[in-house]
């Protein structure tokens, strides 16, 4: 049994890791930290875990994280940066769900997250945790930086087009819609039921943190800088992201359907829909799939990609578990085999 | 008291007309038709109308529509085309909430609605019912074609930019998100609670009927053809449309905030938010407002407009009532003074 | 114009008072207090009020509440108790939406609200603000204690039966279901979207504060003590209360439908549905109605009453406004004429 | 591999069987019938099944159901009655999710379902499929009648009290709240999003079909007739049932918590919460658990039981699979090990 630790297990990504590991055949959560809830069983906070998980919150000091084989950080930005180096030093593999190690450029990190990065060398080493674009590196990584949820949906929708060089790399639009759990379990007026139910709004139109990782990673796929206007929207769903991506075709004759099917052939969690279909976020509710459709707009010159994930699974804890499976040479889908919950 | 008739009052736009007219100071619904529900009081179908409306459904024949001063069509496409000419002949003003008279071009109508238009001459005469762009014509119209809901939100967000000539008229993206009531009260699997709750999807990516009226009307604003990629999305809301519009600035130095404020200065139902804010659909729930925000994307070259309406009010029955008020020289906001219902 | 002040206008009941007064023909909100938001326009917090209300938050000291004709308290428990006496002294009529003056018995207040009551004499004087049971006293009151939302729905469903003496006054069950806005606008984990959407739970089964006012008021209707088991449930709605009330008939032969219709004959806001129908909370969304249905269970011996209100309107601010209208001898429905918003 | 057939796989209970069998270690769906969708892959109707299930709808004739080891009926009432006898004859085990075999009394069946029962002998033989009350019989059954969803939640909440003889067997109240998927996937106005979202209503107050099976089964637990007033409510959830049950204690001194814990000790799917807690329907979303809490009302004489299930899992397909596992001597939780999906 692989021993797993989770730092900061009181949020939704922590709870989701516990849910997913509950049925993992070869790993077990043995340490779970929360200063605030130390001493409490996790299933007191998350009623669904009763009967599935008997782990108890402890303080980071008591948790003996360095005896784990792998540690996940489900913490606010700034924590993993402090704690990860010592763990890595001791041979513990680290998967960070926060943004601490996503950006290669420390100046970009400072700009978007408002704090100085204390581990610029690790920034260099960390592997960006999208298996579909970094599988080999993840297998050998000591430190994986799990991507943002919007960033995952947007990248998976654009990578085939950019790699194939069939679109204008500038003037790309990524209109992304997220469920409310993406904002986390912390108390915020903007996450209250009576504030977001039966309503919809855009936010952060003039700049959202995921922009920087999108730019960084898409530049790799494109082999040069890309220009993406990314606008997130808050929608009355618990889970789910639907990114609608628009780009101008430089090669209008390209067989886009085939392009996507070939790029993602053999990928266990990418499902390219048949031509003409539209993915629904509920089809991946609770599951690790990314379901995609590629369309050509009526003008014939614009490609429209529809990309859906569950923000807590493929957009966070499920993708982290997928990386974990790769890092420990387990079947990539261990613990991740559930279909989406529909209806 | 102005005498009002409603043809096809069993759908949501019909019910909404009844709700709005319940508090109209100078008009009264005296005729309401439905072949299927003839003999039934409207408040048996719509419990909220109890105590506010005692009108009874009758067949079109019994309804004596020609004794009305105005008749609204809240019918499927194809009905108004048949019944409107005789009413107009007798001096009854007609406001059609269906698409029968929205398009000037009969061939376009055939293409999108799959039927031959039987009144091409009236197509010419009909006034497209957005007061913010056709107020004077509406005042003198015998026949108003009430716009589509997506089309209203998209046009109101683009007209200031196109009229001012500050954007590239091609490559415009209109990513529109609608509540489920926009699909009407007819039985459809895709409108069932367990099919759409807690989920989101795009639809009709390769072509939606509102495209044609958007193209027609924006060409007027732009003084020439425009290219808009319009993609609608179904979201788990009862009411509400949020259109997110993206365009490339040809005049990046333009003061966009001022442009919008000036264009809509004095408009009773357009609310341009202060710079930097984001409209919420719930802020117009049940109200006739169109709330707008204009942003510049981080690249400085892309304008992002956020445009929200209630699809059943400004997107349908409320805008129809606004036109009615203009046609009868009443205060434009008669019966339309309610703020949105928030929370 | 009657001058109105609102103390604590940053919560949902405060926002709802502003919405309702926006269209009140004879009153105007001139003072609005919030220590935290002093200096801010109310329509910055509540986007729906833009164009309808230009009042600015001020501190209680600056607000000159004593120059108002009436002051509403939309504050947490304990505030009205401190501030109301001085206002009443100066002739200002006070309507308190908190629980400070609902209970006649100071010991009961202490038990349920965990604080000593500082104005026991005013407890005596205050009138419990359900017009359907205390209309005359409200007309002459200096101080009205606006009832709890669950308490309103439960009482209006039971009063006809208790007054008529046709049910066992003990063993009554009141199973009440509320929307989330009833928990207020304060940050609470239990009010977060991702915590309550698509879910349902009971709460406070072993004792809820509204129990005490239900007991007090129903004893008046029954002419003696009653025994009600009251269990509230949190449901995924923004607004709405549905109380389902069960009692054993001591007079099984009673014509229950007629009993309800007669008791509420002439009541502007009570709607007794025809026999066999079921009220929907959405039918009163945003409106001040209480819609009721009375059924006999299949056993013939149990009466089942279904009672729905909008918790923020008839369950709070609308009922407060109804009392205000009575206190100032205005038409009882001034500002309260809107039908529910359906769909 | 055990070969499974599903008759009528286009509804929600059929889709849920496919989802649950997708991860069943020892069984496989080999036949799936639908006259209407014959020839279509199931994952075209249910996007979540893509990659998990390649079964194709066929007509009942083509399906070779008699070559299956077990056949589930997920059909409207009246179908299983026609088709089951021949299958049973050939040694196929039958699990019927419709109501055809739930009632022992053919007259009761006729009364509630409006049709004559054609297999009264099988009525006698069929085992009512709640493992917690009929486990041994289910193990040996040829025909299991899977219970109604409300009926399951209500029975599991009452059985311990009735078996222990600590409550008055008459005057019991079962106030049950269900999600919309309980109404099935057929087109109904009352199941449309814009009709049920953000609203709540009771239905069938004067008599619901589940009443008869509740009465039948509780009489077994009580050893004599019981009197339950059962009122279902439709609530804006996709999945979930929350039954709130009220009964008068005849033995107020009973240790109710212990009673429930002992009765359900060792039950794999029943979770009795610690004293004082409240179950949430979301805690069992997608899972087969029944989560219970038992409370004493403030009067000390009334017991309040809170009982939650997922109506499509423990209330339908999950419970059917639990019975299937028992019938084939498999681990009772095979394919049913997932925790609820929370948030």
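Each chain gets a letter, A, B, C and D, in the order it is written, and its residues are counted from 1.
FYI, a contact is a pair of C-beta atoms (placed from the backbone, for glycine too) under 8 Å apart; a residue touches a chain by one contact, two chains touch by 3 or more.
On a predicted model such as this, the values are computed, not experimentally measured, just so you know.
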> Which neighbours does chain B have in common with chain D?
Replying inline: A, C
>> Between A-C and C-D, which chain pair shares more contacting C-beta pairs?
In response: C-D
>> Among the chains here, which has the CA centroid at the largest distance from chain A's centroid?
In response: C
>> Please tell me the distance, in whole Å, between the geometric centres of chain C and chain D computed from their C-alpha atoms.
In response: 39
>> As a quick test, compute the distance in whole Å between the mean CA positions of chain A and chain D.
In response: 36
> So what's the Cα centroid distance for chain A and chain C, whole Å?
Replying inline: 45
> For chain A, what residues touch not just one other chain but two or more?
Replying inline: 12, 179, 181, 185, 194-195, 197-198, 236, 238-239, 279-280, 282, 285, 343
>> Which residues of chain C touch chain D once you look at their complex with the stated criterion?
In response: 171, 173, 175, 177, 179, 194-195, 198-203, 205-207, 211, 227, 229, 231, 233, 235-240, 242, 244, 246, 248, 276, 278-282, 285, 293, 295-299, 302, 304, 306, 308, 343
> How about chain B: which of its residues touch chain D in the complex?
Replying inline: 12, 179-181, 185, 187-189, 191-198, 236, 238
>> Under the definition above, what is the set of chain C residues touching chain B in their complex?
In response: 12, 15, 19, 22-23, 46-53, 181, 185, 197-198, 238-239, 271, 273, 279-280, 282-287, 289, 291, 312, 337-343
